[in-house]
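Given below, in the form of structure tokens, are the structures.
Common to both upcoming complexes is subunit A, partnered first by subunit B, then by subunit C.
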Partner chain A sequence: MSVALRARLTALGLITPLVAFLVVFFFWPLATMMMASVTDGTVRGVMPETAAALSGWDGNTPPSPEMQQALVADLRKPVDQLAFGDAVRRLNSELSGFRSLMSHTTSAVRDAPEGQALDLATVDPRWSETKYWLAVKHAMPLYTDRYLLAAADLERDAAGNIAAVDAGASANRQIMLRTFLIAATVTVLCALIGLPYALIAASATGWVRALLLIAVLLPLWTSLLVRTAAWFILLQNEGLINEALKAIGLISEPLPLIFNRTGVVIAMTHVLLPFMVLPIYSGLLTIPANLMPAAASLGASRLKAFRYVLLPLAFPGLMSGSLLVFMVALGYYITPALVGGPNDQMISSVIAFFATGTANWGMAGALGLILLAVTTVLYLVYGRLSRSPTMVGT
Partner chain B sequence: MAFKRTISTIGGAALALSLAAGAAAARDLTIVSWGGNYQDAQKKIYFEPFAKKLGKPVLDESWDGGVGVIAAKVKAGEPNWDVVQVETEELELGCTDGFYEKIDWSKLGGKDKFLPAAAHDCGVGAIVWSTLLSYDSDKLKDNVPTSWADFWDTKKFPGKRGLRRGPKYSLEFALMADGVKPADVYKVLRTPEGVDRAFKKLDEIKKDVVWWEAGAQPLQLLASGEVVMTTAYNGRISGINKTEGKHFKVVWPGSIYAIDSWVVLRNSPNKQDAMDFIAFASAPENQSKLPDYIAYGLPQKEAAAAVPAKEAADLPTAEANMVDAVALDGAFWVDNIEELTSRFNAWLAQ
Partner chain C sequence: MPAFITLDRISKAFGQLKVVDELDLQIEKGEFVSLLGPSGSGKTTILMMLAGFIEPTSGEIRLENKRIDHLPAHRRNMGVVFQNYALFPHMTVAENVAFPLMMRGVSKAEAAERVSRAIDMVKLGHIKDRKPAQLSGGQQQRVALTRALVFEPSVVLMDEPLGALDKQLREHMQFELRELHRRLELTIVFVTHDQGEALTMSDRIAVFNAGRIEQLASPEAIYDRPNTRFVAEFIGETNLFTGKVEACEGRNARIKLESGPIVQASIPTDFTAGNAALVSVRPERVRLAEQAGADNSIQVKVLDTVYQGDHLRVRLAGSGIDLVAKLERKARPWPVGAEAFATFEPDECTVIRP
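What follows is the complex of A and B.
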């Protein structure tokens, strides 16, 4: 074995734990959720005869007796209850009411004598409506775009064309847009506060610097819930801020600081500020202290020296801080839930509803996938912007 | 060098041993409930005495609900929870989807020892609890709300109102405020026109609502005066009156009650102990201690009868409190929760 090869193998061996970690905790879950958002076929799995009977149906004519008997035959067979549950959940998510319809029908079919034709319309009148059969037919392909479409408030109409859902039926697009807007607002505010803060902290020495850093780090070590609850106490109508403003006579009516966008932005900015200050601060520490005097000695005013020397050097830190804050802010939902109003809920609360509330992982995956796609595009744009820190100086 | 090797050999052996032990030793019975002072009470009257009886440790954890959590645990193979206290919809959904073991009712003395709604194939009722209108009687003295119509009357009662975020409960209360009789609420809600009517009624107070999510929030909102009245869980209200000397009042007519049940997760390795625990927690002599701690109704009939009259009057199961109360319709919500939540989110965003 040559020395070079051995060195390479050793290097590979050293990063194996990292690769394994990434695969198990990052790529695999990501791929699973992405697959969940486009795969279907749970219904086909438990209803093979119905699938065959429906393949020739045009979706317009009334449901035929063959289709009914195929469904009855499928429901008579003993099935894996977990798989059957998945299928029912899938159908109910397309058309509300399938849960009660299926459990009702299944028990009627199991109670009916074997070998006898069963008129499903007498079991439940809903089986004579084409829309229920259409929902079953739609669930038969192995791959589907319905979750992705639904995540963007779209659906396929009867003719199979992509169309917007009824107004007022869903607001995912609006909530997604709102999520990016809140994250962007918080990022800008964090930058406006974080940059001067980091500059002061980096130029300070001794206990002042320690104090400034602890002021940033301490909140980071406190539970998110506690910090949010503290804001609740500060911001409410009879809270500290409003009471203080009233006491000094600045206002007579309390300012609406909580249960609205203001409250969410204030609380999130506070919570995320450390992610902005720390990267800028560590970037500034590497800048030689004599650069500013050098600029001054060459005749630059303090403003010019800041603009053309310090700011470009702080730029990479500012950029990575902004990226961190923005990405973390996108996933927030506890803070908006506690201090926000009806129009401040972010997309993760919708994802959480589908993931934990109804176990509709297809929908949760699709919303996550769209969020990931939009974020990736933004990241690429950002990558181009942050590649040339000198652009401010040219 | 030799020293180092010895250390690593010992370390390796210890690691291997602990791994082997972990794989061989069965996990202790793990019970999951809703946390807070409710679970503290359960620990005292159910978990600790049962552990003593069993002669083995009993672990307890808390959760925030959601059938997705249970789905994830069951589908992963052997779940790391055994007994879980679930809400009506999680019981319904999880039972049809096969997430729970079937209950052995012979161990519990038969279904007729329980309220009918508490005796399910997959679950045993643990408590009866209500969501209802509540207000601070220190702040509202002479002019007090008595119905959902009052909740909607912003002239008579100016100020913000608290409602739980989501369509569940909000739509029912809106219909009652609009004049639907409590007994007809779900009949109306099952029609598309009924849903439209409920959302239209919610429009009237949309700008006056503070939406809450966690059960502790409405108490905070009432205490701080942020809202003039709010929906809340009855156990929390009587709890804070007792512990913090508040004078919060509740309005029983038009309240919606629901049953939380114990379930055993499918393929639980402690299935036998789990069933025994449920029987222990349902025994009248144990269950009747619960209202001492928290004002939840008892689904076991003998246990309910053993509660002292003074405490019983505060429970959702008291006869006077049941008049014009509505039972939460789990079947309606498992069918419609996804569609109506999407619509509710869109309505909020308008």
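What follows is the complex of A and C.
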């Protein structure tokens, strides 16, 4: 074995644990969730023979006896009640009436003597109608866009065209918009507070700088849950903030600070502020100390020196800080859940609801996929916009 | 007529530490004045006060007889070249040079015209769209200089601008700076700790020590007639002998050295017989001879001879003193241990107060 080859193998061996970790705990779950969002095996799983028989049917001709017998054969098989229940729900969502039709048909099929052909039309006249078979056929394909459509509050109507769901039936779009709105608000607030803070911290020296940095870092070292819980206490109607404001006579009635958007934004801004301050601060530290005197000697007032020298140089830090805050804010779950009201829940809580509440992995995956896609697009646009800015005026 | 720039009893203290102590300095229009001194001697502080980056604790600074010590830096119209150039890393060469014009509200067309003229003058036209990080040290130096000159400042202040360049480039830039100074009739205040640089470039040199100016004079005067022991030792190399004035007649004096020998020297007017005196003789003024001469012959022994390319450096000792002589390269070789007489002309040694 040559030395070069051995060196390569050693290198590969060293990164194998990392690659394995990433594959098992990142890529594989990601791929699984993405697959779950576009596949649908509920009906196909319990009715494999029907699926085979329906694949040859064009949907216009009357239902053939083969299709009927395939369905009877599928229904005769002993089946997992839970999976069967899911399949019926799935069919019912395609066309209402399936719940009664299927329970009716199933018991009729189970009661009928084995080995004898059963005319389903006699069991229930609906089986002679094309639209019921069409609904079954529509529920058959392994790959489906229904979760993705549902995640965007859309569905396919009876004719197969994409249409909006009834108003009030679903609020995914609204929650998604709200998620981006809250994340953007928090990002802007973090930038407004973080930039001056970082500027002051970078220009301070000695213990003042140490104190300012500790004030940013300490929350970062504290558990997110603890910080959110602290805000939960502070923001109460009888909490520290309202009591203090009342004590100094600024307000007579407590400000509504908790279980609303204000509370969510306050708590999230505080929690995410370090992610804004630290990149700006470290960027500012790399700026040579004599640039500001140089600008002054060239005729720039303090304001102009700030505008044309310091701000452009702080810009990359501001941009990466904003990106960090925005991305992390998008996935927030605990803080809105604790200090927000029902209208402040973000998309993660909906995903959590589908994933852990109703075990609807398709919906959870689809919402996650849309969030990922929108975020990726925003990231690309942002990357294009935040290339080092050119100087205005030259 | 008052001087172009006047520093009037300027002091600067940082807490208890007095960095500049009641300093007076006058600079004429079109002059190249170097502030020379060891680090911590207050020379950079003076420059920063001229530029307006720090305020004097007391005293006045006047430019063309108008007080400027209360003016903020951006309204003083002084070009500053910093030690590490202080170019704006996010701007191209052209944008850096345009910056002072933009700050002064010069129209875009005129600014572009002046920038390209200035950039062409220092032969940087081919790199005007590069960022400072893509330039060599010498190029950055030239951009910094161009940026400080493009707005035609009344004074150009330079804080060790050549310190970061290698030797050859530094010598080349010294030449270019002199050339620019002559051609544009600039008034330049140049801070340096490199005596060679100060001697080469300046019209006048102010030698700084501990917050005061020890001597302010032309390079020749500074080198040949140092006022104080500090100046004599700081500029170039010198042999110093302590002694006492025995007799004086006009500018000529006889000085008895502590170690015995008697030397003839010209003295400043304020010396009288009985004054303690330091005699300073530059090594290159010392000659070696086999026979004693008329004046100033000291019997010595050769301790060491070192060939240094352009000269021979000879270490001598005898008659109770040590001294160094720089001899011509082609002088006859003096073997170690040889007996000789070190001689120097009375008007080539300086007498200063100890």
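Keep this in mind: the second predicted complex is superposed on the first by the 278 of 394 C-alpha atoms of A that agree within 3 Å, B and C clash if a C-alpha of one lies under 4 Å from a C-alpha of the other, contacts with A are read in each partner's own complex, and residues count from 1 in each chain.
Assume a residue touches a chain if its C-beta (ideal position, glycine included) is under 8 Å from a C-beta of that chain, and two chains touch if they have at least 3 such contacts.
Just so it is clear, the structure is predicted and the values come from calculations on it, not from any experiment.
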item	value
Partner chain in contact with A:Ile175 - subunit B first, subunit C second, else both or neither	first
Subunit B versus subunit C as contact partner of A:Pro141, first or second or both or neither	neither
First, second, both or neither for A:Pro48, with subunit B first and subunit C second	neither
Touching partner for A:Glu238 - first (subunit B), second (subunit C), both, neither	first
Subunit C versus subunit B, contacts on subunit A by residue	B
Subunit B versus subunit C as contact partner of A:Ala296, first or second or both or neither	second
Contacts of A:Tyr308 with subunit B and subunit C, given as first, second, both or neither	second
Contacts of A:Gln345 with subunit B and subunit C, given as first, second, both or neither	first
Touching partner for A:Ser96 - first (subunit B), second (subunit C), both, neither	first
Overlap of subunit C and subunit B interfaces on subunit A (superposed complexes)	none
Complex contact set, residues of subunit C against subunit A	51-53, 72-80, 82-84, 86, 88-91, 94-95, 98-100, 102-104, 108, 111, 147-148, 151, 157
Partner subunit C, residues of subunit A touching it in the complex	288, 290-291, 293-302, 304-305, 308-309, 312-313, 388-389, 391, 393-394
Subunit B - residues contacting subunit A, complex	65-69, 71-72, 74-75, 93, 96-99, 165, 206, 209-211, 213-214, 217, 220, 224-226, 331, 334-343, 345-350
Parts of subunit A lying in touch with subunit B, wherever the complex brings them together	80-82, 84-86, 88-89, 92-93, 96-100, 102-103, 168-172, 174-175, 178, 232, 236-239, 258-259, 337-338, 341-343, 345, 350, 353-361, 363
